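Consider the two complexes below, in which chain A is the common component and chain B and chain C are the respective partners.
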Partner chain A sequence: MIRIERRLTEARWLVPAVPAGSLVAAAVLSGIILLLTGHDPIGTWARLLDRGFFADGAMSATFVTATPLLLTGLAAAAAFRMQTWNIGAEGQLYLGAVGASGAGIALRDQSPVLIIPAMVIAGILTGAVWAAIPGVLRAYTRTNEIITSLMLNYVAGLLMTYLIFDSQSYWRDLSTFTARVFPQGKYLSDAANWPSFRLAGLAIPLGLVLGIVAAAVLWLLYARTRFGFEARVIGDSRAAAHYAGIRTRRKIVAVMALSGALAGVGGASEIGDFRHVLDPRGLQQASFGYSGIVVAALARLNPFAVVVVAVLLGGLSNAGFSLQGATFPAGLVGTLQGLILFCALAGELLVHYRIRLRRPAIIPPATEAAGAGVA
Partner chain B sequence: MKNPPPLGEGEVEAEKPPAVTMRRITKRFPGVLANDGIDFEVLRGEIHALLGENGAGKSTLSNILTGLYRPDEGEIFLHGKPLIFHAPRDAIDAGIGMVHQHFRLAASFTVAENLVLGHRDAADRGLLLEPRVVEGRIADLARRYRMPVNPRARIWQLSVGEQQRVEILKVLYRGARILILDEPTSQLTPQEADALFQTLRLMTAEQRTVIFISHKLEEVMAVSNRVTVLRRGKVIGTVKTENTNTRALARMMVGREVVFTQKKEGPAQAERQLALELRQVSANGDLGTPTLHDIDLQVHAGEIVGIAGVAGNGQRELAEVITGMRRRTGGSVMVMGRLTRGGDPLEAIRRGVAYVPDDRLGTGVAPSLSIAENLVLKAFRRAPISTQGVLHLGRIRTNAVELMQRFNIGASSPLVPARQLSGGNIQKVLLARELSSRPRLLVASSPTSGLDVGATDTVRGLLLEAAGRGVGILLISEDLDEILALADRIAVLYNGRIRGVVERQNAHVEELGLMMAGAA
Partner chain C sequence: MINDTILVVIAASAIAYGTPLLFAALGELLAERSGVLNLGVEGMMLMGAVSGFWAVQTVGGPGWMVLLIAVLVAALVAAATALIHAVLTISLRASQIVSGLALTIFAGASGLSSYVGHVASLGGQPARHEFAAIDVLGFKALPVIGPILFHQNALTYLSWALVAVTLFYLYRTRPGLHLRAVGESPATADAMGVNVTAYRYVHVMLGGALAGIGGAFFSLAITPGWLDGMTSGAGWIAIALVIFAFWRPELALVGAYLFGAFSSLAFTLQARQVHLPPEVFSSLPYLMTIVVLVLVSTGWARQRLGAPAALGVPYVREER
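Let's turn to the complex of A and B:
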């Protein structure tokens, strides 16, 4: 019989050993599935790693996918650390994209020095305001922020769709006949293209740099400032925070806005770094906001770990796309990715619990004591 | 079997093997020897008290007996037969049931549902619950042991006393013949405790065995047949209750004579400034109904004013109104002669009002934060702990090291999370933080409840020392002995009103008791 018991002490060596063990388990499990479906496990693994990280240009492509995951992961981590459950990074990212593309269109004739900061700020503000809605509702009317922030995702998605498909809005391109028949957004000018940085042959998008800076700022905020201290007290015990004279309601709104601002930068980066147009379908298909929650959970809400996890998941997701083909169905790709995530999350359990094989107990034969029960 | 002879007569011990025999039990935790070669024997049908201070090893020993921990060394015999537990389920199957101090009930489930939760039973048919059968059995048990409870009530609807009955019914329902109760009276009113003692006697009359874990001497004397005293993981001795007294037990438990600290003389009131003055203060309870009515109260600098009364008569509301955690609905609160706006804890903190709440873990400290962080829970917003919004971690640490030493807080490091501390040490963290903030007024709610003898003495000493330095203290306590030992003046709170204020030297226990019951 197998039993799971809570560990009395959590050994330090488990922290690196468990993720490593999880990867091995994922490799074995997916190897079995690959063998059963007639694929070469080692070859597939090699291709997965190659396409995700090592092939020519693979790492640069991975950074592109990792950038929005990093920012939404940070958004989730920022709120979750205060036990405030912002599930709305998805919608906040859309709003960031709306804000940033609006700013980019409005300033299309200006120089990049003006446009790019304006896009970032617009993304921050729209994301923050969108997240502040569930924040205010939580703080002042005690509604559940999980539900409100989640539902606002659908509102944000519909709003984007409305702006491009169902209206003649400022964001929609109406300049040509085809654009009027097949709705699409206005493309931004080249001056609104965010720069990327070259480092050791890799292209690093501006959004990724902003994300890494944000991770460091977030860490400092929580570890070294009064703001972060108050947030941690609130996260641990609302009653203790009230007792200590902390203004909990203002803080909830502020942390939700901070979380939304991070997701909003993710939306701005999607526009400035990659799409250069407000693309409702593309953004909704990507669902970066929800993946960000997985990133934050895998990173145990540590901002620096969010950076690493975002890059790993970005690579995994890219490799999946390029593995897919006539002999390698998309479902199998999803299965492999799912197994890796499953093993990583299940492995977390082992840090706190241990599994023990149990022998049957030695119990004295039923005496009158055991027999004379109630029944 | 029908009429067991009264306990304490040698023939019982000779006839039957003991219900529980633990031999040379040793259990080590990292850095702690929690149980050190313990020999422990409980006879069938007796109430056996396990007495000891916090940290003496009572909980470890009971966790071993219920299969939660495995002993590193030693043997356990049940009714004379050796056995080894691998898991709590084995202990349950062997007829051992534990009633924990903090109840383990699912709040939104009914009493009946809680009883069958996780219980496998021959009468069960597959996945289907049979509420009628279960409710019938509960009613039988409840009648037999005089523990009235409605099987269909949901746990959150029940009082603490009723919830405890459900916990006891749960272990009985599972057929427990040996019951372990961990500090069962810590959350009960005196009346509820008496009812519990009656129930326990009914159980032992049916040859069930009760192990009663406690650190309260009076109740051990009142309820038990024999007492085993633990100190620092060792058995100090086992005695028959009829052959001992509270003094002797206290000496065994603490290892020295215990004389509680007493306040010597009151201050010369007339010369002293008023630290706190309440005029006609009213406030609502949590449900929005008026709970405090027209409270008039004064606390002078250096004076200890005791608020006596049975819990639930407005004590928490009174403390919270003074400390800004609750809005008042009428009247005025003045701290050091200045009117407060009220309803703002930060305002109270800035005026020099310190507060030791009765809910220590959860309100008084943030449980997952470290000792060091909890020691600056209020000071973090001021220099030198923070400047321009930035925390100075080095100063937080030095502050913690200094306070831990000064207040003798027992922990291996300032980085230990508060929830890992014992009740006494949590209270020391609270007092260290509140007293080091140089308060003008200290509101202390049940400052020693649940603490062992040594910690109680330390806490009382700290309160007296603070009063000696000129802090006005409002001591809210259900423990009348404590109030009589410390307070200069005593006010009795009943139904949200002050029933009278008496000087300590004129106070009579009987008179206070009548006021507490609303009769005077």
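Let's turn to the complex of A and C:
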């Protein structure tokens, strides 16, 4: 017989063991799916790991993919910690990309010292404003933020498509005949390319550095400040927070805006570090916002763990993009992320509960009959 | 001819576009009535869409039989997808929100449904069979109501029957009473001798099956074929619909056609050369979902009529 008993305290050693075990279990489960669909699991995984982490230049490419994942992961962690379910990081990232590329185009003749901070700030503002919409609706009209923030993802995607494909907007390149026939965005000037730092032969993009700083700031905010404390109280019990005099409505809007700002920086980094142009199709295919939810959940909402998980999942995504083809069908990366999350959720049970395997006690027939008689 | 006027055309296609929303919303309604929120509707719909289309392309036989098998396959596959959520949230007590999101990531537009579509190379294949509109009793030519009520496909008529069955089940049968008890007060239901776990499992999977049929409606009726992420958010709109309908099947029907109308408005106006960017029309269903949700969340509707009291709360007998 299986019994599930609540532990009095969290099993600390399981906190890192569960995510690690989830990765392994998800690898095995995905292997089964690969086998069932006629692919070689070991070969596929070997190529995945090689392209993601070990091949020449793989790690540098992984850092580029990990950057938006880190920032959307932090965005999800910031909101989820307060039980505010912002799943609109996808749209907030798009808006951040729109804002940052707009700033980059406007300041194209300026020096990098001016352009790059302006891009970051534009990303922060546009992302924050977009996230504040479901925040305000949640705080002041009690509208379910899960659905509103998600609906705005589709609207943001359509907005980007409109800017490049169906209008003569500021973002669209209309300078040549080909660009008018095959719509594309304006490329930013070289001065708007974000620098990367060399470390032990690896290229660390500026966005990743910003993300790590943001992780530290987020940790400080939640662990050491009144703001973070109040947010955590709201997360644990909204009613208690209200009775304690915490202004829950303002806090919800603030945390949503903070979450959106982080995702917005993710969008800005996609423009500055990688694409240098507003590319609606590329951004929508990458679906960094949804992957950020996986990152945050696997990191159990701990900002520092988000950094590590983002690099791990960034490697998988990076390998997924570069391997995509007949032998490596699209959709595998999302499947894998889902499996990892399922395993992590199942593992969460072990952190809070103890599972006992026990034989049912053997009761002598006479006693049982007597017991039944009394009952 | 009055049947070609824009309002009739929009109303008729509103029903066509609303049908998948109705299936998915009825399914989600049943799951939520048992106390389990499943945010994986979008993923389950896509699994239904891809597996239903796969069945149509693979199974041989007369058209009606192939389509029937395809719908059953879609329902089974999506119910199996829902089973993951059921195990995680009911037996393993995981967060319903995170598990539902995980389900959508796992099965969604860049997940397993896309993988299956690529492995079976379904993309770009013309459909071998599709659900076509039936001219019921030759009433199609009747003014106004003809095209709206008597020229829909078999799945739409099935969805109407389903609303009636769900209403009867919820309010006129003992299992329906038990289901409502499980969603409102699982401890009471447990004391009554109702198996809370079994009720939740069954209704989450039933919800998955209906979402799967809704998804198959996309790949077998609206735009026969397969495209990654072809439901484009319908699953999320269905979740919003359940809130909008105050967890009542008859209101889900009204809501589904309201949202169906927003989708059909987009296509009809575009076809009639109304000059506005296509993105304005395409974003209409999403924006209206937000507007409608805000309306039902405020003012007179604040009492939250109908939300099952135990929605989102895992039931553990030892810890109640």
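Some notes on this structure:
Keep in mind that, in the parts below, the second predicted complex is superposed on the first by the 277 of 375 C-alpha atoms of A that agree within 3 Å, B and C clash if a C-alpha of one lies under 4 Å from a C-alpha of the other, contacts with A are read in each partner's own complex, and residues count from 1 in each chain.
Rule of thumb we're sticking to: a contact is a pair of C-beta atoms (placed from the backbone, for glycine too) under 8 Å apart; a residue touches a chain by one contact, two chains touch by 3 or more.
Bear in mind the structure is a predicted one, so any value in this text is a computation, not a measurement.
With both structures placed on the common chain, the touch criterion links A:Ser237 to chain B but leaves chain C unconnected.
Judged by the touch definition given at the top, the superposed model places A:Leu35 against neither chain B nor chain C.
Touch criterion not met for A:Ala216: it reaches neither chain B nor chain C.
In the superposed model, A:Gly245 makes contact with chain B only, not with chain C. Partner contacting the larger number of chain A residues, of chain B and chain C: C. By the touch criterion stated above, A:Ala20 is placed in contact with neither chain B nor chain C. In the superposed model, A:Gln337 lies in contact with chain C only, and not with chain B.
In the superposition on chain A, contact of A:Phe229 is made with chain B only, not with chain C. In the superposed model, A:Ser287 lies in contact with chain C only, and not with chain B.
Note for the complex: chain A touches chain B at residues 3, 8-9, 224-227, 229, 232-233, 236-237, 239-247, 358-365, 367, 369-370, 372-375.
Taken together, the chain B residues at the contact with chain A in this complex read 19, 29-30, 78-79, 81-87, 89-90, 93-95, 121-123, 137, 140-141, 172-178, 324-325, 344-346, 348-349, 355, 357, 359, 362-369, 373, 377-378, 380-381, 386, 389-391, 393.
Put simply, chain A touches chain C in their complex at residues 6, 33, 37-38, 85, 87, 137, 141-144, 146-148, 150-152, 154-155, 158-159, 161-162, 166-167, 285, 287, 290-291, 293-294, 297, 329-335, 337-339, 341-342, 345-346, 348-349, 353. Put simply, chain C touches chain A in their complex at residues 39, 84, 88, 92-95, 97-99, 101-119, 228, 232-233, 236-237, 239-240, 243, 277-279, 282-283, 286-287, 289-290, 293-294, 297-298, 302, 318-319.
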